[in-house]
Amino acid sequence: MEEKVLKLGLPKGSLQETTLKLFKKAGYNIHVSHRSYYPVIDDEEISAMLLRAQEVPVYVEKGYLDCGLTGYDWILEQNVDVIEVAELRYAKEGFRPVRWVIAVPEDSSIKTIEDLQNKRIATELVGYTKRYLKSKGIKAEVYFSWGATEVKPPYLADAIVDLTETGASLKANKLRVIETILESTTRFIANKSAWKDPWKKKKMQDIAMLLQGALLAEEKVGLKMNVPKDSLKKVLSLLNSLHSPTISQLYDENWYAVEVIINEKRVRELLPKLKEAGASGFVEYPLNKVIP
Amino acid sequence: MEEKVLKLGLPKGSLQETTLKLFKKAGYNIHVSHRSYYPVIDDEEISAMLLRAQEVPVYVEKGYLDCGLTGYDWILEQNVDVIEVAELRYAKEGFRPVRWVIAVPEDSSIKTIEDLQNKRIATELVGYTKRYLKSKGIKAEVYFSWGATEVKPPYLADAIVDLTETGASLKANKLRVIETILESTTRFIANKSAWKDPWKKKKMQDIAMLLQGALLAEEKVGLKMNVPKDSLKKVLSLLNSLHSPTISQLYDENWYAVEVIINEKRVRELLPKLKEAGASGFVEYPLNKVIP
Amino acid sequence: MEEKVLKLGLPKGSLQETTLKLFKKAGYNIHVSHRSYYPVIDDEEISAMLLRAQEVPVYVEKGYLDCGLTGYDWILEQNVDVIEVAELRYAKEGFRPVRWVIAVPEDSSIKTIEDLQNKRIATELVGYTKRYLKSKGIKAEVYFSWGATEVKPPYLADAIVDLTETGASLKANKLRVIETILESTTRFIANKSAWKDPWKKKKMQDIAMLLQGALLAEEKVGLKMNVPKDSLKKVLSLLNSLHSPTISQLYDENWYAVEVIINEKRVRELLPKLKEAGASGFVEYPLNKVIP
Amino acid sequence: MEEKVLKLGLPKGSLQETTLKLFKKAGYNIHVSHRSYYPVIDDEEISAMLLRAQEVPVYVEKGYLDCGLTGYDWILEQNVDVIEVAELRYAKEGFRPVRWVIAVPEDSSIKTIEDLQNKRIATELVGYTKRYLKSKGIKAEVYFSWGATEVKPPYLADAIVDLTETGASLKANKLRVIETILESTTRFIANKSAWKDPWKKKKMQDIAMLLQGALLAEEKVGLKMNVPKDSLKKVLSLLNSLHSPTISQLYDENWYAVEVIINEKRVRELLPKLKEAGASGFVEYPLNKVIP
Amino acid sequence: MEEKVLKLGLPKGSLQETTLKLFKKAGYNIHVSHRSYYPVIDDEEISAMLLRAQEVPVYVEKGYLDCGLTGYDWILEQNVDVIEVAELRYAKEGFRPVRWVIAVPEDSSIKTIEDLQNKRIATELVGYTKRYLKSKGIKAEVYFSWGATEVKPPYLADAIVDLTETGASLKANKLRVIETILESTTRFIANKSAWKDPWKKKKMQDIAMLLQGALLAEEKVGLKMNVPKDSLKKVLSLLNSLHSPTISQLYDENWYAVEVIINEKRVRELLPKLKEAGASGFVEYPLNKVIP
Amino acid sequence: MEEKVLKLGLPKGSLQETTLKLFKKAGYNIHVSHRSYYPVIDDEEISAMLLRAQEVPVYVEKGYLDCGLTGYDWILEQNVDVIEVAELRYAKEGFRPVRWVIAVPEDSSIKTIEDLQNKRIATELVGYTKRYLKSKGIKAEVYFSWGATEVKPPYLADAIVDLTETGASLKANKLRVIETILESTTRFIANKSAWKDPWKKKKMQDIAMLLQGALLAEEKVGLKMNVPKDSLKKVLSLLNSLHSPTISQLYDENWYAVEVIINEKRVRELLPKLKEAGASGFVEYPLNKVIP
């Protein structure tokens, strides 16, 4: 009888910290020893390995790993044939996508991607960049950059394709974005054969559900408030775009307790309005998981 | 039409970490790039800048910034004319005020501030110290100390005016406190003209409310417990100094669920008493914001 | 009249961080200045001192300290006569016990502890190891190892007695475990005379209760869900091993809100089943203290 | 009889490391304990104190210190009346002067210092800047900047006066230099009364000689080479700008050994020429002190 | 008239520190600002850029750089057509070559490179490895490894080609070397067109000579000793394998001073013998450059 | 035939850095991998191991190691029977001995060691302290302190025996020294049987000679100067306490070149006097080894 073990690849480096925190909130403690590539996970049905995000797609496609987390950018770069189990909306440095852009020196004559014809482009994303330019009918010399891509222009390249989040690094190097060619988040991917194994598929789906529940909880909070009877309608109309507030009558029958799960960012706008509408006694608390 | 942007100064250095955490709990994510002074804040209506706390008062008074967070000590030192939007009860190293004290060597003959007549005093708070001594009728040579003030006596100064929290640094340098001349917390201050702009005033008041809500949540927790019918009165009397516990009947009609928002520090005293009074099944949970 | 002060020893080093976090969750803020051994605690009835875990048992036994936290291993090693007020289930690197094992080189001819007769054993736990071997009728040369015990074999020792958590360090040094001789967690211990002082005893019991409440909260979470009327029975049966879920009817009378305090690790298994059973709208939130 | 002790102020911070290395090469071992301001020096006739470079001039002028090392910039800023015992040609980051420049945003309309009339200038060097501008007949608002001066323009200042070495920081902040107002190196300064004490004066002169000998050795090396008889003239003419090469006949009477003390930087130019002229067997060795 | 500037690529990362030290000893001070890729060099005729060693060969071949320092391994990997100006005998971690080896798990059935037929090989040196195997008539799947190559076997690869110095990392990962396929040191390479420019060629040759002189000085020392007349012959015979000791008569005519430039490693063997032969008063001193 | 290998123990921790530097100057390169206890030494006849200084004496005495470097304090503490091959005059933090002292609180009534009768003494040097006190006829409770001994008094000990260099730590903890009981430097010790093996004995003696030569070079420098004929006598009389200056006539027959090996510390006193006596053109250079 086959042992039930799911081989999981986790991304080392910039995605690692957020990924491990997310697994922790999802209920999996992963302990990474100093300089070890085989983290210990408190689920005997999972065997995990830390790998550079760039390597995960190939090893999953070839079946050396059953599944893994990696960036959408590297999946496209490696051009692999895998199952996308779930999108997980985070990337390096936060809970939002990163963008890969084409950038040129501020004072370059290159204005649009059409101007890239016959130019030199340095990037860590050679494969995808070549396919992208080809699809636009542009011929250019695209070569691999071993990091620090943003300092290559103008001496070593005419343009670059590089990852950016706030644009600060591009600005510091006096580069100008001419086009965004890819937005990338983290993906949970599976090998095609592994996906056909019912036990593995169920296991991966459960992990995906828990990870997504943990991720959703990153942006949501619980909000409780007390509402006098005659403000209830107004308060509920302010909250009405939200899914199902919980309403319960308080000991003092003229007051209701209202509780709602809400995007943390919305709280800062909504709270002054709710207060104006008569609600008071606001209490906001953090969440670990939210699964609709 | 004027663009709606609030220029906000944030204190770099010892107040920075707590300030950014507080903004995060208030609902504002502020991303500070390495070595950047222009943090990115996820509210397009705010333009933030990191500055030394000492610099914030002047720039707010002159109107280069609409508002800012800084210590009460530096507001007094700079002697500026600004609006205090809110007191935020934290300082360097924690959620309590810091004190500025006059200290002298343990074996000094100086016992009271009267003995400071004609003495040399080193301090980073030259302006306020001079005004303070003058108001007491004392003439002394007060000069600026560029840090490490506590090592100046006895060779380079007869006394110092320095900031202290636990007194550990004074003790280690064999200094004795003779008087506290200032207690300081963080203040949210506004430029007088900015305060007259209704949009800016409303924006600042909302931010202040959310920051204070986040700050209050630092010292409060939610506490739930189960109480048998015949203990309810006693339990409620123990809790009666607290604002409005929420009471609800449980499925088993002989038991009530009682929930209360309470100072975390009080829990450690109250819990043994509540238990003795018959309550059980205590669950304490953390809060993000508490707005009465 | 005697001053009411409890002298408390806290473990410096590997247990320190977790211990201080636990005290914080229990409601005690402890501030450790850089290089100071006398932490400031916000309870004037407690006077705390930081000491190596190895030193705490002796100082508590002799009465220089009223009580302290230390590892069970060092209590046995020092062979002291003290009161165990509470077991606190954590150790170096996490909320689980550590093991002390006898290990030998992978290719050693030593297979069982009987083979240790007349062999050289290096360990930091000399006293306990000697007593243990004696109780098994084995004579061996046991000598003290000043750290890095795992590199002693084969040149400087035939076997070692060392602490292990994941076994990674043993493996890296090509050692094989032949027996576990001790499992250790943290203990809150008291001096026998201090325990007879009613005020001190009560104070220690309260601290123990709060620490255990904080510790329990480390592994538990609150879980809320919405359950349609006709799924309630099935859902409750899934939850039935758990202590007292709180059930309340929602506004929409066909739905119930169910809330339960549950081990975080069980959530990952239970959640898919609860979902299948008809529950939805899961919200998991973190806890500070759980006291049954 | 008075004790013979020279009170010496040493600059903490950016000049500290180079200063201590220089003292070491001069023959004085100075041991700075962690967080101590009273370094231990292996000369009982010297009592040293670490102070910010900004503070040294005033304490020397007032006589709290007999002498000290500090930057020429802070001597001018404080406008003190002291003796300059020696110039020591090093500054922050190396054995060359630093420059204080007036800089404005790259796209500012300010082109010359005349354009600064009525403008806002931020600087750490308020006193000297005011005197400098006044001497040029320019009125401007000069105010103190607590660090990060280079990020003040354009919002918080129209121009800055800041220290620069390579210009990299100005460039990164898109600032343009319009004038250099001060070049600064380190100076060994003495109090006027201390200078009148013959013992102190002799001690300071000896220290200055040794420090300058150590400093000179930083840029010089010893260079030995073998020269055949008939190349000697040519080789010596290449070296003739140098002070006194040492020439000695070798065992083989057709060869001479030539040794010279020379600027390290000149070696890289001279060596290819010397080789061409017939010299060979070059050996270059480092020096600790060079005193002409 | 063309400006005389030599564009020089310097290796960032593992070779950087040694390279910069070597340039310093050669007489060139190179200042690398934090996070800058354009180091400042105190020779206006050189314009330097920091690049990953992997990138230098291509940029030199294409002529974007006139010359550069990089590893022989990356020159072969990139298969470029450049001039080798000089071999500089250092690599990562010291003044000796590094080796690229084929390694397999200790318990693998692969014994010789013939056994690699149809196996999976992970490496950072894909190009060279493929050419090497092809030349031996072996077909294997060679794919790129993004670091941590040594943890790839056995799950993700059957064998690896990796860089090793002491073999410690291979041993720790239980790998066995089956063949060394490349020994690599640092090379100073030039673009073919740049080499034809007489000014550039002369400049590169001078730099190469100075770097080699600095490198030679790393392993050599100066050794002086006093030798009595009747021991001179014996002492000289011990030194006779060395190039030209310098002998001079001392004031006391029965003694000679003998000075020799010698490999530091030989000193430890030779010194006891020289002492036995009658020499005494040994003084060994360090060197900056040795150019024969 | 027996393989020729000398097993050498090197002290890990506070003596490690100086020890490795000394070996390097002696001509042995020792490479310590991160977290490895088996350094690689470039002499195949030596097999080295890093151990805590406390452990070296026992392992040498038992013969698990042939020889080792450790502190004299730990040799006495362990009370071992070994050969002292050489004293090496350095200790933690520098080229001078450390002292072990008995210290008591500044305000303690204990004034002399006689007052220690029946007192509690904490120390890391239990064995030696007990023997020392016994030899003085004093009975006291001496117990082991696991570090931070200086904070034990007054609560946990009446006195301590602790290591001190500058006395700064004692002073910061308000302790007063009442007696120095041991001065300690590093010793090169050998196992008695190993010492009887002629090959090992010769090898150890050679190593000792080279280490001592390197150590002597730490405090000595070479000093060259030019002396006019008529000052030679005076200059030589100033130098006359020194062993054998080398004098040679210069090209200009009125001048002599004088070279001497001298303690670096003496240079600072002697140089002003030599200058006054007519010498000039001083050049001081560093040394690697000095072997008389």
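Here the chain labels run A, B, C, D, E and F in written order, and each chain numbers its own residues starting at 1.
Convention: a residue touches a chain if its C-beta (ideal position, glycine included) is under 8 Å from a C-beta of that chain, and two chains touch if they have at least 3 such contacts.
The chain list, named the UniProt way, goes like this: A, B, C, D, E, F = ATP phosphoribosyltransferase.
None of the values given here were measured: they were computed from a predicted structure.
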item: C-F, A-E or B-C - pair sharing over half of the A-C contact pairs; value: B-C
item: Farthest chain (mean CA position) relative to chain C; value: D
item: Computed distance of Cα centres, chain D from chain C, in Å; value: 57
item: Gap in Å, rounded to a whole number, between the CA centres of chain D and chain A; value: 52
item: Inter-centroid spacing, chain F versus chain D (mean Cα positions, whole Å); value: 35
item: For chain B paired with chain D, centre-to-centre distance based on mean C-alpha positions, whole Å; value: 43
item: Shared-contact residues (touching 2 or more other chains) in chain F; value: 248, 285-286
item: Interface residues, chain C side, partner chain B - complex; value: 26-28, 31, 33, 36, 40, 42-43, 206, 209-210, 213, 217, 222, 243-244, 246-248, 261, 285-292
item: Chain A to chain B touching residues, read off their complex; value: 93-94, 166, 168, 221, 226, 248, 250-251, 257, 264-265, 267-268, 271-272, 275, 280-286
item: Complex interface listing, chain F residues touching chain C; value: 12, 37-38, 49, 51-52, 54-55, 58-59, 64, 143, 145-148, 151, 155-156
